Amino acid sequence: MTKKYDAIIIGAGVIGSPIAYELSKMGYKTLTVDKLADAGEGSTAGSCAIVRAHYSTADGVAMAYEGFKYWLDWENYLDHVKDEKGLARYMNTGSLLLKSQGHDWKKVKRNYDEIGVKYEELTIEKIKEMVPVADLHEFWPVRRPEDPKFYDEPTKTLEGAIFCPEGGYVNDPTLSAHNIMRAAEAKGATFLFNAEVVDIRTKDGRTAGITLKDGTQFDAPIVVNVGGPHSFKINKMAPGVWEGCNIKTKSLRHEVMYCPSPEGYDYLNDGYHMSDGDVGCYVRPEVGNTFLIGSEDPACDPREWVDPDDFYAGKGGPGKDNVLTDAQWKAQCYRFGKRVPTLPVPNQPKGVVDLYDCSDDWIPVYDKSDLPGFYMAVGTSGNQYKNAPVVGRMMAELIDACEKGLDHDKEPFQYKFKYIDRSTDVGFFSRKRQINRNSSFSVNG
Amino acid sequence: MQIYVCVKHVPDSAAYIRIIDNRHIDENITFLLNPYDEHALTEAVRVRDMHPGSEVIAVCLGKEDAEKTIRSAMAMGADRGILILTETGHDSIETALILKTAIEEDGVPGLIFTGKESIDDQGMQTLFRLGALFDFPVVTNVARLEILAEKALADAEFSGGVVKTYEMSLPCVIGAGKGLNTPKYPTVRDVMRSRKSPVKTLLLPDLKIPPAQARMEVVELIPHLQKRQPVEISGTDSDIAQKIVQILKDEAKVI
Amino acid sequence: MIKHIGVIIEQDNGIMKAANLGMITMARQKHTILFALVMDGSAGALKEKLSSFGISTIIEIRLAEDFQDNPDVRAKAVAKAVEKFELSALFGLSTAMGKDLLPRIAAILDGSLVMDCFDVDLENNIAGTSRYSGKTLAKIKVRGPVPVFGIRPNAREPVQEQKSAGIIQFEAVSLDSKLLRVVKRGETGKDSKISLTEAEIIISGGRGMKNGENFNLLFECAQKLNAAVGSSRVAVDSGWVPYAMQVGQTGEKVSPKVYIACGISGSIQHFAGMKTSGMVIAINLDETAAIMSNCDYYAKADALKIIPEITKLLETS
């Protein structure tokens, strides 16, 4: 007999798990399925798990800042559940946003003021004190090392930085998803792994359930697509859903590098998360006293849209498969090596290649769909890890409201944040929206 | 003193190795400086800095793309580079002949460094052939090196924690092992500085390499399949331990 | 045509390594007569054993006392023996000692050499070895005089074949080496750590190790196995072991012949660092741990109990 649930969540990553958790808390009988072996093993595992508040839109800042509160109060959020693997730790390093031409930091500052984000403005002298290894010249514009101008000597100095003391990163993103899974299970949620969805079934014009690769069927009137880089494939399985999205998602290949900290500098313990638009990089500490160097997707870099299944299977060749490339290794490490001139850059690339589930405007789609009962939390574009617990709550409330009759497309659901005194118009994340021109069109969101 | 470091341009160990025509690999992957050569370079630079007036020259046999590896070597401190351009692969016998000819054409070696092996061919022999051609002593898997006025002392590591200290006349050939040092990786400034370091390109036919009397040729490459099918080992703790030891002995053949 | 094949017997402190017998078995092919080359003055003691594995003649190479340990002199002596006994190929073990000896011999003979062979076909002069850090197997055709084959220890199961070996003394006492001298032989000491990236066997511990002290169990076993000890990320994050021991995406990438995972769940990040290992053996109390379905052997058991048992077995054997 086919098992029945109130809601099925596809994807047990860091966004899917909290949706299951919140729906379970609201009394829904949920099943979360994932094609991998455990929670957070997909693109969540490749996330840098950075927790920062600077976004190019006020709604983006609000949601991120709300998220801080969850991370700072992790055990409470999990309702003190026990996880045999231990708990993920929030490393509250503080977050530095360098004022540069690479970021619209004035807009960020306005957004911070509007939302009430705690921050201070730092002078160059103060940054130098906090990050003694930094060279604070302006290196703008971001170039590739193949460009002879890459090596031009800088002449100007940066203006300063905005420091947000509550920012940081989560030490183990996979574990954080696992923690939320355990919390969800404690509320009655079920998780099923090694379970690949091949079909979304419908009945009488609404969602009826899913079919797995091995033929197993599960029924539920609600199915939520949280498939990460596979999200567009899952949307295409549900009749009319993909076609009904004005904003589409695709999977984008992205490399993150690990470079050892200069000798004598304890970046792991003394360092900050830093967003450095001037050299197109963001960094955070990683175990082994290394700099984790991500890219802010400068226009001069290639963008490789790939098929997620081929990518994870290691197909497609250099620059398309899941092996770091020498060219991008040098681009990211050398760029950041301008900021930290003593940074040693090994010859062999070391780091992570994973996929962003990227939307057309790098802003996620948290929405219902044209198929009744089918919802989606997709297009996270590499910038939603920090929001995961908030998204979990927001999606659960959105689903609940829609199932109770709200026409979210006509009358967008207003989500009231739990911690900060503000509501957000969930219509902002609509699949039907026009491309948001306020976006940074990068990982910065 | 002229210190030559023979470096090799090898596939990144993280790359997928795809076999084409049963004998070659698809070279459309990242190639980089052989990891053992990093130890060789770091040591060569250390020795140079202790002997004023010395220079470190990186020598590499390879396709045009191998200039990247010479650039890496120069960023790590080599003063200049020699690229011997070739379109085909060469076995260790030919490689040693070519390297010897190129080094001789360039100068007078006081010391020659290599990595103890390359991670692609894993032949472990080019340095010995080079030593024989020059009539220089050779020590491989060196974990400590001391250059004295007329001789060198080198600690070579063997399995089981055994170390032998060799005394060699100079010049000599040193095969760097992992224990020799921690490689000193370049900063962006090192990269910038070395961008202008000269690389001399030699064409193989110009070197007039004498034919070798022996040859080693890859006639077939076979991918090493990695399909794991888990088999359970059960029983009491001591049963399990016994079975594991048995597997290590009979199947894995590592003890 | 009958070929004379030389097999260089490797001894360790006067004891013949068992791996020699598998090597002799591999060298025993159609139309071959086997000559064992013994350099440590123990030909008499080995006669019976070598005879029972098909050795026809033992060449006892006598070196000057001062140069017993000198690989250059040993290589020269072997090269002389090749000439004297008209050997057409040489076999030796691809051990640390072999890596210091066989290339020297090949360089003197100016002949071919294939190291780390798991198979040798003397009729076609083709050797099987691995390339690209074990990711491919390669068949290598050797041409020219007197090829040398470095044989991977234990690549072939020893099989007996009774012969009655005679011993021939071969004086090589006049050989010396002006260039190279062994001045000291010693031990690096107990904590001579084998590098993770080079080890043939790695024993790795994860969450199931429970604390840092328990890693000593792995170290004790590793010493017996000549293995390196690694860890998963959690053991580093918990401060049990230093970062240098971490295997995985953010740590070392390793490909040993055998990887023994003790109490490691086997996350994708961990696999990124060890998936190219030859054989993976997982010991874990949790049957559902990801590693249990992505390994060659698994035991649902407590590694803290199994590993000391293995150590004990290795001590007694």
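Going by the order they are written in, the chains are A, B and C; count residues from 1 in each one.
By definition in this document, a residue touches a chain if its C-beta (ideal position, glycine included) is under 8 Å from a C-beta of that chain, and two chains touch if they have at least 3 such contacts.
Keep in mind the model is a prediction, meaning the values are calculated, not measured.
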Central chain (distance from its CA mean to the mean of all protein CA atoms): B
Interface ranked first by C-beta contact pairs: B-C
Chain centre separation in whole Å, for chain C relative to chain A (CA means): 47
Geometric centre distance via CA averages, chain C-chain B, whole Å: 20
Separation of chain A from chain B, taking each centre as the mean of its C-alpha atoms, in whole Å: 41
Junction residues of chain C, two or more chains touched: 293
Residues of chain B engaged with two or more neighbouring chains: 13-14
Residues of chain A whose C-beta touches two or more other chains: none
Residues of chain A touching chain C in the complex: 36-38, 41, 45, 85-86, 171-172, 174, 258, 286-290, 352
Sites on chain B touched by chain A in the complex: 12-16, 28-33, 35, 38, 68, 72, 76, 183-189, 191-192, 195
Contact set on chain A toward chain B in their complex: 145, 151, 260, 314, 317-318, 321, 323-326, 334, 337-338, 341-349
Residues of chain C that touch chain A when the two form their complex: 207, 233-234, 236-238, 243, 246, 249-251, 265, 267-269, 290, 293
List of chain B residues in touch with chain C within their complex: 11, 13-14, 17, 19, 25, 91-93, 119-125, 127-129, 131-132, 135-141, 153, 156-169, 172, 178-179, 212-224, 226, 228-234, 237-238, 240-242, 244-245, 247-249, 251-255
